[in-house]
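The chains carry the letters A, B, C, D, E and F, assigned in the order they are written, with residues numbered from 1 in each.
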Amino acid sequence: MAGNWERQFGEERSRLNEILLSNAPLGIKRFLALDTQAYEAGALPAKTKELLGLVASMVLRCDECVSYHLIRCREEGATREELYEAFDVALVVGGSIVIPHLRRAAERLEALLESR
Amino acid sequence: MAGNWERQFGEERSRLNEILLSNAPLGIKRFLALDTQAYEAGALPAKTKELLGLVASMVLRCDECVSYHLIRCREEGATREELYEAFDVALVVGGSIVIPHLRRAAERLEALLESR
Amino acid sequence: MAGNWERQFGEERSRLNEILLSNAPLGIKRFLALDTQAYEAGALPAKTKELLGLVASMVLRCDECVSYHLIRCREEGATREELYEAFDVALVVGGSIVIPHLRRAAERLEALLESR
Amino acid sequence: MAGNWERQFGEERSRLNEILLSNAPLGIKRFLALDTQAYEAGALPAKTKELLGLVASMVLRCDECVSYHLIRCREEGATREELYEAFDVALVVGGSIVIPHLRRAAERLEALLESR
Amino acid sequence: MAGNWERQFGEERSRLNEILLSNAPLGIKRFLALDTQAYEAGALPAKTKELLGLVASMVLRCDECVSYHLIRCREEGATREELYEAFDVALVVGGSIVIPHLRRAAERLEALLESR
Amino acid sequence: MAGNWERQFGEERSRLNEILLSNAPLGIKRFLALDTQAYEAGALPAKTKELLGLVASMVLRCDECVSYHLIRCREEGATREELYEAFDVALVVGGSIVIPHLRRAAERLEALLESR
């Protein structure tokens, strides 16, 4: 899961998205479009919105969503310090039940930071 | 996880159920019986009840429960169109945090549909 | 909360919806439209979709959402027997933590049934 | 909500239970029986089981369930110190999102302790 | 709940905090201190952290937590546009089950904006 | 996952903890310390507190947290009978959505019991 996780993650996500999109009805496709649009820069910059998505994903405890927003946060320029502060907010709000997800997120973040 | 997932899923489920049932106290066994009875045809047909179980499992984000009800929905005759509409309700109620489960459910559903 | 709850509920909901809709950005308005469309009759009849919404709301433990779908289920012709069977599925899936919501839903359902 | 909350709480709970039980199908009634049995003394004493129910209710954030188990914990002899330690576990596991429920539980516990 | 909600909210919160803090053991007090510290400006500005707290509270569906972070976001200078964009992220992540909380948050936000 | 799961589980947990602790800011480290302290013997014995952590983890459906508290419960002397009664409370409170976690917990518990 270390170094190359980002690429493997992206490929699996694309493969499954293709299955979903080639079969899903219009309502599901529209939802996916809305999901993308919610993170576009507006009054809030894209980096802030991705941090919001990251923390929401962490308190709801979804590893895949955390991984996705971690990649996007890095693409928008979020630093290690900023990301660990966002992790801290998520941990305090969500409690110790978040810790297993936090540990995996830390591993993935460190791998992302090393690979650049 | 593709074609044969249904069989592998059933075998692992049986193996673990056996461990649970040979050790669990009466209260747990009674719960498992109630769980089965809740989906039996009554005023609502079994197909509708399985769809209820499917959507409940999806908004609570349990892949195993989704897989189980997906198999049962198909056994009760639910069509691809009906199942994707149920997925749509689950996605709208539960939000984007449901998407990773939805992607995996779509893959599993397509495999079920092909194998018949 | 008894007899007249349906009317009071609808008025408060409309009042707050107006505040939301007159201030919300396009993304939120589109979400609300998607939410409505997800329950329109398709491969599954509207009654079944409202039952799906009801059970999803109950396992996620939102009284307002339960009340809304209870009214809609009745409008689509769901009977007392059908609704209590849907409650049973929600209770088994969601556990005893659902009971306070179930009690209030039963009271509201009985009031709806009496007022017709 | 202060001094007399316990009595008012019990009366409202009984009133709604009666509506539920006089209309609910067998499956729901059996669930309610299982719920009661799960807290009966066995290998674990009733006090411990009520503490389990209290903490589970707190991390799932249900005020009514917390109130119910708080009353039962006191009936089984749990002390203020024991109850605040259970609150602490619930707070750490469930995070700051639990705090509003914790504040209300503290108020209710202090009222229970004063009224004896 | 309109105009003056902020003041009433603060007073009730203080009253209950006092009960909690005068009875809680050290672990709970330390948690409350950690909770405060997590939102202090660091690599991320306080406004961003409060927006993180707001979205986390909304997807976890806690009205009190939403109200608290709404007040704090305004104190840190978040604008109407920024707050509705954060609401949009919360709605998309958390789904329609968030809508009742979103409606109440919109009412409270508009009251905050008018009172300044 | 059978016999040796406890050792493998502990090693993976240590490896990830090290990554987290060598990068996390002070707030996260303090949270982890609070988490440990919450389970230390006080007015309630350590065994009871670990049972509280076990049930909280089960109703919140975190396999890793369940595994951790299962090991700790055994270290504090909890018996098979006591643990299955705690499982029963968790199942009743949390509902059938807990069952997949319960099955895995039963497998892990039986492996722990055999290895001693």
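Quick note on the criterion: a residue touches a chain if its C-beta (ideal position, glycine included) is under 8 Å from a C-beta of that chain, and two chains touch if they have at least 3 such contacts.
All values derive from a computational prediction rather than experimental measurement.
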Mutual neighbours - chains that touch chain D and chain F alike: A, B, C, E
Chains contacting each of chain C and chain E, listed by label: A, B, D, F
Chain separated most widely from chain D, comparing mean CA positions: A
Result of counting contacting C-beta pairs for E-F and B-F, higher pair: B-F
Separation of chain A from chain C, taking each centre as the mean of its C-alpha atoms, in whole Å: 31
Distance between the centres, which are taken as Cα means, of chain C and chain B, whole angstrom: 23
Inter-centroid spacing, chain F versus chain A (mean Cα positions, whole Å): 27
Sequence positions of chain F contacting 2 or more other chains: 25, 27, 31, 34-35, 38, 42, 56-57, 59-60, 65, 81, 85, 88, 91-94, 96-97
Chain contact graph, described as a line, ring, star, complete graph or other shape: complete
Chain D contact footprint on chain A (complex, rising order): 59, 91-98
Touching residues on chain E, where the partner in the complex is chain A: 34-35, 38-39, 42-44, 48-49, 51-53, 55-57, 59-60, 65, 79, 81-82, 85-86, 88-90, 92-94
Residue numbers on chain C that touch chain E, as the complex places them: 13, 16-17, 19-20, 23-25, 27-28, 31-32, 35, 56-57, 60, 62, 64-65
Of all residues in chain F, those that touch chain B in their complex: 61, 80-81, 84-85, 87-88, 91-92, 96-97, 99-100, 102-104, 106-107, 109-110
Interfacial residue positions of chain A with respect to chain C in the complex: 25, 27, 30-31, 34, 37-38, 42
